[in-house]
């Protein structure tokens, strides 16, 4: 199996998951109560809209990083397919985490904090999936187009899994303060949009690992 | 990353978003009330059917225009990926705007007007995403297959963003008269079906920017 | 634009529409009423299961026929894109028609008959989309890989649109007897599974219009 | 028609079906009842989460096996397309089986047992689809890239359909004990993750049937 089938299936799952986010934006029910005008009801949707914005960006970022990682892979084996499936399993949980967080309106109540912990947990699981794929790339001679020298394994590992630690921290923080937990994940999104992510072979998106 | 991955992911999002529109057509509930025959209930669905028709055409048009724009792009960088993500974020909001507009039945009430403003707003945001991608194509030497001469930048910009202005106007008009706002967007759809859209390199869909 | 983008987008819409059919199969609600065991509730789902089976086959058949038609096309222009969009608009309505028909349980009541007329109507609209694409292929020199000789235009037209007439007949029959209308569409499905569909250039799926 | 279109459509259906599984995870409704904290409600979701986990893995496994089978196929004909459609019809039923099983919470009640029988039934139907495609590959000279020698037909058949028998057994066991039925399917998932599946030409995923 070549890389393209893995990419096509993953792209499909990413595309469906990012589009399902819109199902969390429930259309307001028409009402004759002057306190429930559409404008007021839409204003009340702000936690859903904020959650939509962040989750859309995050799934988009994961998609970009997935490509940077996958395009440096040379051979696809069964182990990689299941590690990729593990990653996708948490990506597909993001719409559920998003709607849960929005339902509890980011309130700093016990339930509101639990909801953000669940939301952050989906990203933590996703990052563990990424880390396991990255670890897979380090073993075996024929797995990467350009093999990472052994002395760079640990620095790359540390750089790569630090994203996962941030999500673990955001889970801990959200257990104490829901808004602070949300802000940490939002900062991760801003970081990834501004910064460039390293790929396992040291290249990034804007360089081309395959000449021609 | 080559253009094809960007296209595959975008195509996936477009395909899911356009198909989710059908979820707004809620199956009538069987009833023994002679005033709620299926025929009458289907007749009552006309705002949903009209909204379905217009949104389906609009997403189809955006998909066509997206291709005309993207196929003239030579190199994909991280900035382009996020501008494209911004565009898709508003495309995915179209089913939400559609169901909101349909729920308020295009009535010229305060809520009905708000609903059409929301609907037009999704298109305005989408057009801003397009304009930002277009602006990106104008900078840097290696971004386009055929670079637009500098003296054509402003005429092309004006031509390209005028679509966005139409949506802004439709938002303003919808705030005063919901049906008039809806008609403006419907006229945009008719225009795009009849006319040819310019691409940044001056070609259009029916010419081929890449020989061979 | 080459054919592959048109195919990728259409394939995406077909794949989402065929999968959304499962949303019509509503999970029975657990109940302690001995008359509402899961087995009885599943038995009551037979109209939904029958509608799922037929609609799944029909969308699959339309997908196959879409490929036979599209792969004989040489150049894609804007007109073709919008005719294809028209076809897809009716394909996406099939899940709505399916759930409507299932909700009224194929009963031979006035509402049950209306429901099957709506269901058959989605197929009739789809077939009109097909006929318009076929008509497009007959005009212009460069549209087909292998041009159909002029003397075969009318025989091919008649062969091609006869499918559409069957759906029109099924709408008329369903207006009188819902089950008879349903059976006609089921016979169309059986016909397409057993028979081979002609493509505009006279080839069929099992021959290859492009050597190499 | 070449193999790639069959793969693209199937990949789309697999991607949508696997992502729709998340719709079974219903967001808890905020409540002021201290016995309905979010944490308790999430804890109550365990049957849904367990069903999500197993179904996600199973659809992923079917996707992997589908590729191993399809990439050894040389020519696509109409019969293969409909056998593939039959397979996909049962794949799309998996989200329905999953939500039914989760709704009855794996309880060892009459309804809980029926629910696991339905769930296992979707996998049994899917495996029959696989077996029919495999049988198709054995007939005709030009169907496979590497034809299986006649003396290996029966051993391969037996190996290939044994998966289907396991699902039949799990249906029978689930009719007596719902949890035991569920465990059998979970063991199938573990088996496929650990073991390598044979493809009709004797190769497996990690070997390459097409040099170059």
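Note that the chains take the letters A, B, C and D in the order they are written out, and that residue 1 is the start of every chain.
Everything that follows uses one rule, which is that contacts are C-beta pairs under 8 Å (C-beta built on N, C-alpha and C of every residue); 3 or more make two chains touch, one makes a residue touch a chain.
Just so you know, these numbers come straight off a predicted model, no measurement behind them.
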Turn needed to bring chain B onto chain C - CA fit, degrees, nearest 5: 90
Shared interface numbers for chain A and chain B above half of all numbers used, same, or below, different? different
For the pair chain C and chain D, the C-alpha centroid-to-centroid distance in angstrom is 26
Find the geometric centre of each of chain B and chain D from their Cα atoms only, then give the gap between the two centres in Å, rounded to an integer. 37
Listed in rising order, chain C residues that touch 2 or more other chains are 8, 12, 15-16, 20, 23
Going by the contact rule set out above, which residues of chain D touch chain A in the complex? 7-8, 11-12, 14-16, 18-23, 25, 27-30, 37-39, 42, 53, 56-57, 60, 63-64, 67-68, 71, 193, 196, 205-206
Of all residues in chain B, those that touch chain A in their complex: 1, 5, 8-9, 12-13, 15-17, 20, 23, 77-78, 81-82, 85, 88-89, 92-93, 95-96, 99-100, 103-104, 110-111, 114-115, 118
